[in-house]
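Next up, some structures in structure tokens.
Each of the next two complexes has subunit A plus one other chain: subunit B in the first, subunit C in the second.
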Partner chain A sequence: MNFMQPITDTVLQVHDLHTHFLTETAVVKAVNGVSFSLKPGERVAIVGESGSGKSAMAMSLIRLLAYPGKIVSGEVIVGGRDITKLSEAELNGVRGSEVGTIFQDPMSSLDPVMRVSEQMIPPIMRNLGLPRKEARDIAVGWLDRVGIPDAAGRIDAYPFEMSGGMRQRVMIAMALSCNPRLIIADEPTTALDVTIQAQIVELLKNLTAETGAAMLFITHDLGLVARFAHKVGVMYAGKIVEFGSAADVFAHPRHPYTQSLLRTIPNAAGAERERLLQIPGFPPDMRNPPVGCSFRERCAAAQDRCAVSTPELTFRGVDHSAACFLPNGLNDAPAPPKPVKRAIRLSNEADLVPQQDILEMHNLRKHFPGKATFPWSKPKTVRAVNGVNLRMRKGETLGIVGESGCGKSTLARLLLGLDEPTTGEIFIAGIAQMVFQDPYSSFNPKMTIFNIIEEPLIVTGAGTRPERAEKVRALIKQVGLEESYLDRYPNQLSGGQRQRVGVARALALNPSVVVADEPTSALDVSVRAQIINLLCDLKDDLGISFIFISHDLLTVRYISDRIAVMYLGEVVEYGPAEDVFLKPAHPYTRALIDAIPTPDPAIEAQRSINIISGELPSPLNIPTGCAFASRCFKVTDRCREEKPVLVAHSQKRDAACHFPL
Partner chain B sequence: MAITFTTPARASFLLRMPKLPGMRFLAGNKKARLALIILVPILLLTAFASYLPLQGPLQTNLRAMMQEPSFYHPFGTDRMGRDVLARTLAGVQVSLLVGFSVATIALVFGIVLGTIAGFFGRTVDRAIMSIVDIFLAFPSLLLAIGLVSIVGTGLIPVILAIALADVPRFIRLQRSLVLSLRSRAYIDAARTVKASQWWLMSRHIVPNTIAPLLVAGSIAAANAILVEASLSFLGLGIMPPSPSLGNIIRDGQLYLQQAWWISTMPGVVILAIALSLHFLSDGIREALDPRARK
Partner chain C sequence: MLTYSFNRLLQLVVTTLGVVTLVFFTLRLIPGDAASAMAGETLSGEALDRLRDQMGLNKPILIQYFEYLRNLVSLNFGDTITTGLSIGDLLLTAIPITLAIAVATIVLTIIISIPLGTLAAYLAHKGHKTLDNLITGTAMLVDLMPSFWTALVFLLLFSLTLGLFPASGTVSLDEPVAFLHRIALPVLVLSVTQIATMARITRTAVLEVLSEDYIRTARSMGWSELRVLFRHALKNAALPIVTVVGLSFGSLLNGTIIVEFIFTIPGLGSLLVNGINSRDYQLVQTLIVFYALFFVSVNFFTDLVYKRLDPRVQF
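Moving on to the complex of A and B:
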């Protein structure tokens, strides 16, 4: 067969792609007419909330749709061939050799019982037609390029012998090993820690620049888009509603959805703390997509014609198009939504009387003893929390940040009395309550919302039955839900509504401290803003102190009065949020701030980013000196021998470093 | 004034029924429907056996020995002229009683001991589980035979003997379910308000283990019916002349060549009951776990 290769400079062309999921009860129209193209070397990000069809779209491009997904119509042209019309056998020639794929979870996309070499070498042999020995050399070469130390030896390791970051590097090496012209990555860094994410992003940037491969990546992280993408496509309800160069879309968004989305995240500059914008309503049900513009019910600029005809993507400038009738989207609305002027109020130093300490931790430690290798040897101990001293004043919000494994969640469990500290003391004036990360698993699926919120009241024997019912109704209103929700079960609520119920339950006993452990990380971007606004309001109205645990530094900075940065079970820096963010004293804080991309390409372009190398050491083997010594750029012999303690760095700030920045 | 019966409470109860996903699904599930189509007539016939125009299960008729199935004796008669259908229906009564009792005993003990072992862990867990492991080391039929030969034959000993073999399995199942639930965030949420351990177990843990236990329970019932038939067939279960499906088959096996129906008819009924109980458990599982649906 001799295919006519059209002379174009596009790697991928998608024409009017429709992908439906034919379930038993209904047809879910996940992708509803998507068209775009990619040039060599281009990195295009597709952003959208869950359910927007972005993953279904990406998987359609290589026909890896899960049952019962089906490409209904449209063309996907890669290398002159229409993917939608190829046979399975022909497809296998395209997958790997022309299109490389990187999935979200490197653990489940690598076969756990096969060595890396067994998974990597055969595709190279097949696609490049090489004998095993040469294919192996190529594989080792790629592993070396993606930064795997001792690649020649590690190629025979099993995936479980590698860390998450290493596995994702292996995935990238596999995707690139047959020199594809196009790489499709579905949330390639979501499962990784922030510092590892920054390393992987940098790696992908360099490799695509070197090889000239184009890259399409799916993400929900606007910061990542700003740092990584040349172009961005915003998906909503199965359609691309805005497409253009990242700089242009972030600076001058034209579609109301993009405009709203960008205002739901805390301002990257961090100067003003205006209330975050909330997008009202819900995305449409894709079993039954609405006629006309699918965003119109949530749009302040909606007009009569939006309900009748669907706006198509039209040019708004060089390389920029949007699907809206209005040239400037929300800015053309008769009454554009203004940010509510109720700014988030930071607690003044003057308000905070030292006598009103509400929480104190003294030399708090939590060690988990491990299993000894031999009966006579000393068991290794995981030092999850290793000597934390913190205090909080009434009405203050303390943000705790750090990578996973730094002990921040263990600290929360100690505060709530879920675990007993190994040593140390906790004093709490009043009681502490918790808002959990995943609002779904924190509710008993067999209980109604009423019973869930009432539970703390029953358990503590508060009030009579009618009094409790009264209190439950007051609580559900306080978190902004209607009373009718009380009869429902958790699975009948959306993610944001569930998290509101989680907040209501935490407030039931009038706590003095509420610990929120990653309360927004399981939620979509537009819903996050609602929960953050809610927490800010409650702080103002009720004078509750919050401990806000997160790895999302922008949100922590937005909501917190003070920040404590944790590394390997210790607090390495503590001080007022804005100070810590703008002038970090500890090298780790600096590295963490650098690792986290800001959702603004203009800022990203100007930042000098120092990405720390290496990974978190095992908490089983904490170094004798400074815990951060193995990854620090300022490390000296003194750091490796002598452990720095948390001392006053400036008037308001503490840092645990021999050579603070 | 007869209309005032319908209280709003009752009406709302009826309205709520379809909300149970299981109920709605059972009605629409093919396997469950097939199971019910087989089980319900058998249950009805068994329940109203004494009203049917049949001779009593123990009544002999020496003038009508080993007659082929006919209108008056749909399952034929045996070597003493007893009606095989009447005896089979009486045997089904015993079978269902055994199956239901064994499942109930296994569920009750399994829930109580399994929850205690899984929830408290440590020494309690080790004590309970080491006994369980000892029992699990014996094949269940051998265990039952051994126990029956010590205690004696009859309905109650058979039920206890079969249940003894099932209880350890249920303890083990319940324990593993509890272990997976124990670390759920909603348990932590209740612990932060200092909920008692009784509260955690009764409100949060046991209600969430009921669904998989019901599935296992219906399989255990089917299994118990087969074990009872085996015991009776071996002459260790229900003693003749009291009918049981097992001893009817045993009675008939000597005459298989002359009168195939004596053994075959009750055999088919056992097969139908056991099969439909398995279908029912599949149906329950699919109803409760949406991922099992294709």
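Moving on to the complex of A and C:
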């Protein structure tokens, strides 16, 4: 402990911060009066959906806003000085040395043409006033501390020679290298895989505990907040609408927005699959923020006064405040919205006649030829899908989970016939259609919604023009949109609406199987619930079989009847969703489940988390034994030599492990 | 780096051989040959045939081709057809002059255009539209002016009206000061257009880089705007800039032909124009090969610089 430093009890004080983006056509009021403070060693999460102003707020704190962003008013006190009033030169004395910043995308946040050493050492020399050699030692020390193997050698690597997870570790080492007392992390794990995310979160937790630095953590993931934060601030329309200790806010949310948000995500605790809450309407347009409470148009408890005056943050207990006129938010509404008791109907065994297999994959493989090192050497093969056997019955939903690079998207492409399998066979009764991940780039922007949905009908020559129009109108209603949307263009729709159109297009040809490849990962939490509900309804109403590919295990568990866990192109575990989730048989499944944070601080605190170490091996060099051997905590010599095959583990479950859990 | 250089060098040789081959056969496709051009209308059919024998034009074309290659490799370029002077000697005096003009132009261009373009990019990035528009607009305007026109205007203004630079006179490398004074105006003419192009390219490249995430990272570590601009932004923007510098060398060679002609400078350009005018096959053929060699070499060095600047570049 350094006793020479004056003892102050706040590292950061933000007071009534307003940040606007002065574009040519309008003023976007991104941040509208945010106040909070951070104590040393405290981890505060700011959570909100896209457009809530959380990133603009975080970047304002250290004045890293891009043009035309501008801090209009307010104070940001760091180390006794108001950041908003510092000169450019004074500001440079604060950045890096007093405030470290970790950014979202590790792939683009490091200078691609400079070695890690060139990026890390000069700031240490400058901020700590050290000669190059000592600065280098410190840099190597930090790289070692953040878990970079062979740090002394790797410091001279270029960023492109490292994986995304490693680059984010470098970013963290860089941000912490000058001993800042405050760390701002803007969605530091959003671009990473779940398993790597878990490692990084654990690392950040330990580092803040060791250094005593305070951390402001910007995220949209409520699960991460529960796992990571002491306190949480919920942002909506440029304001903090609720602030308090994480445990308290999750257990007793007071603001209607927080209350709604927590019910849009699948329940972590229970097997009863209650229908997810949909928040009606859209966030306000920040060019013209409404007078009064900005959430009132989407709030079931809204009253007349909400339209007239704006509720301010008021205390609701120790360390807990909310900006709502009602002390208990939605619970005080005259008619609190009841959870719709349309439970998700699980396809039970009796409905599923074995003869009605709708999809079968036999020993499916897809190998891509790699690039040879020399023209005469044999090119290496990427084994993207390496022997998959699965079957699906009519009306069943199969969830496929795994880290990126495990072959789940290649499998989807094979099912749709977009790629030819190298070996193996696929039998589909009927046809398969696809819902894509990104509703922004999977449509032709020059086509109307009508044309987009009609296109598959034209291609297959289905029906006459009036028949097709009739079908398109039926489809758009089926996915819960008005007919008037048919004349619009994709850019006039929100992300959720676009994904509905994507679903409608997939349904146009009456498919028997719909493959949805990460259909919700590009969407905000509240919109995500709408799409999940829609898929559940379609499954019930039309009896369509879904293949739901995702890395979001909670959602997969919620929507699927069965889960197949993939690792390096192979299925390592397969069985009923609840069974797999509650009693994983394969160590990898267990590791995946552990990696996913649950949106409940109470559960998170009690979990014994086994963070999986290492990263996915290159599919170029698949180990001879068990593919998972390099990262498994139960590994033995047998695993390294003898490859386990997928065999029946219990009555309903298959697992590929010599020593199942 | 070594394998990379070797690979590139191999490509350079192959490309040059291709150019030489192409030039040789294309010139043989043109109706009439060197002998008839040399003889004009003075020789009878029989005498012409004797001349052809003498010049080796009656040998099978492939034999001629390989002899030509052998001569090139041993730096024996033969004599001009019309004047009988040694082409090797002519090149030896002309190449340094043209090279001096080209190098001076490139140096001047880089010194002025890159800071100018970077400044414009920075202004645009920070939202100072007026100044940026002024720089960009002027550059655009200058870029549109053809070099023969600027050459004449500059000649009229700086040479004839103001008398600052000579418009004609001897060109000799033995007197460096007089030489520089003599080539100053042609270099200026060539640079003006080049600067305009390069400044615009630099602006675009730097502006794009300035909105990259790693620039924000550099700022977050407390670096000054100047260091962010020159150490991080320009270093990344250098890749497209270097490419354009390499490519603009082609248009620069084009430009030297025009300005050498206008300013009566006995460089490669003047030699080429004279050669074409007098239908001197031998001379023109050699000059084309040399121009091609210049161009290919510049591309070779561009690639090496590129590799040096961007560690990610493969082959």
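One rule holds in what follows: the second predicted complex is superposed on the first by the 653 of 661 C-alpha atoms of A that agree within 3 Å, B and C clash if a C-alpha of one lies under 4 Å from a C-alpha of the other, contacts with A are read in each partner's own complex, and residues count from 1 in each chain.
The rule is short, and it goes like this: a residue touches a chain if its C-beta (ideal position, glycine included) is under 8 Å from a C-beta of that chain, and two chains touch if they have at least 3 such contacts.
Since we're looking at a predicted model, the values are computed, not measured.
Three-chain overlay on subunit A, with subunit B and subunit C fitting side by side and no clash.
Applying the stated contact rule after C-alpha superposition, one finds that A:Asn444 touches subunit B and leaves subunit C untouched.
Legend: residue contacts after superposition of the two complexes on their common chain; A:Ala89 is shown touching subunit C, with no touch to subunit B. In the superposition on chain A, A:Glu455 contacts subunit B only, with no contact to subunit C.
Once the two complexes are laid on top of each other via chain A, the angle at subunit A between subunit B and subunit C, using C-alpha centres, comes to 30°, given in steps of 10. Legend: residue contacts after superposition of the two complexes on their common chain; A:Gly402 is shown touching neither subunit B nor subunit C. By the touch criterion defined above, A:Val113 lies against subunit C but remains apart from subunit B after alignment on the C-alpha atoms of chain A. Judged by the touch definition given at the top, the superposed model places A:Pro601 against neither subunit B nor subunit C.
Put subunit B and subunit C next to each other and count what each touches on subunit A; the higher total goes to C. This overlay, made by fitting chain A, leaves subunit B and subunit C with a least C-alpha separation of 6 Å. Considering their complex, residues 184-186, 188-196, 199, 203-204, 207-208 of subunit B touch subunit A. Interface residues of subunit A facing subunit C in the complex, by the touch rule stated above, are 62, 64, 66-68, 88-89, 92-97, 100-101, 103, 105, 108-114, 119, 123, 126-127, 158, 160, 171, 174-175, 178.
Remark: subunit C residues 125-127, 211-214, 216-225, 232, 235-236, 309-312 touch subunit A in the complex. Across the complex, subunit B is touched by residues 413, 416-418, 432-434, 436-438, 441-447, 455-456, 459-460, 505, 509 of subunit A.
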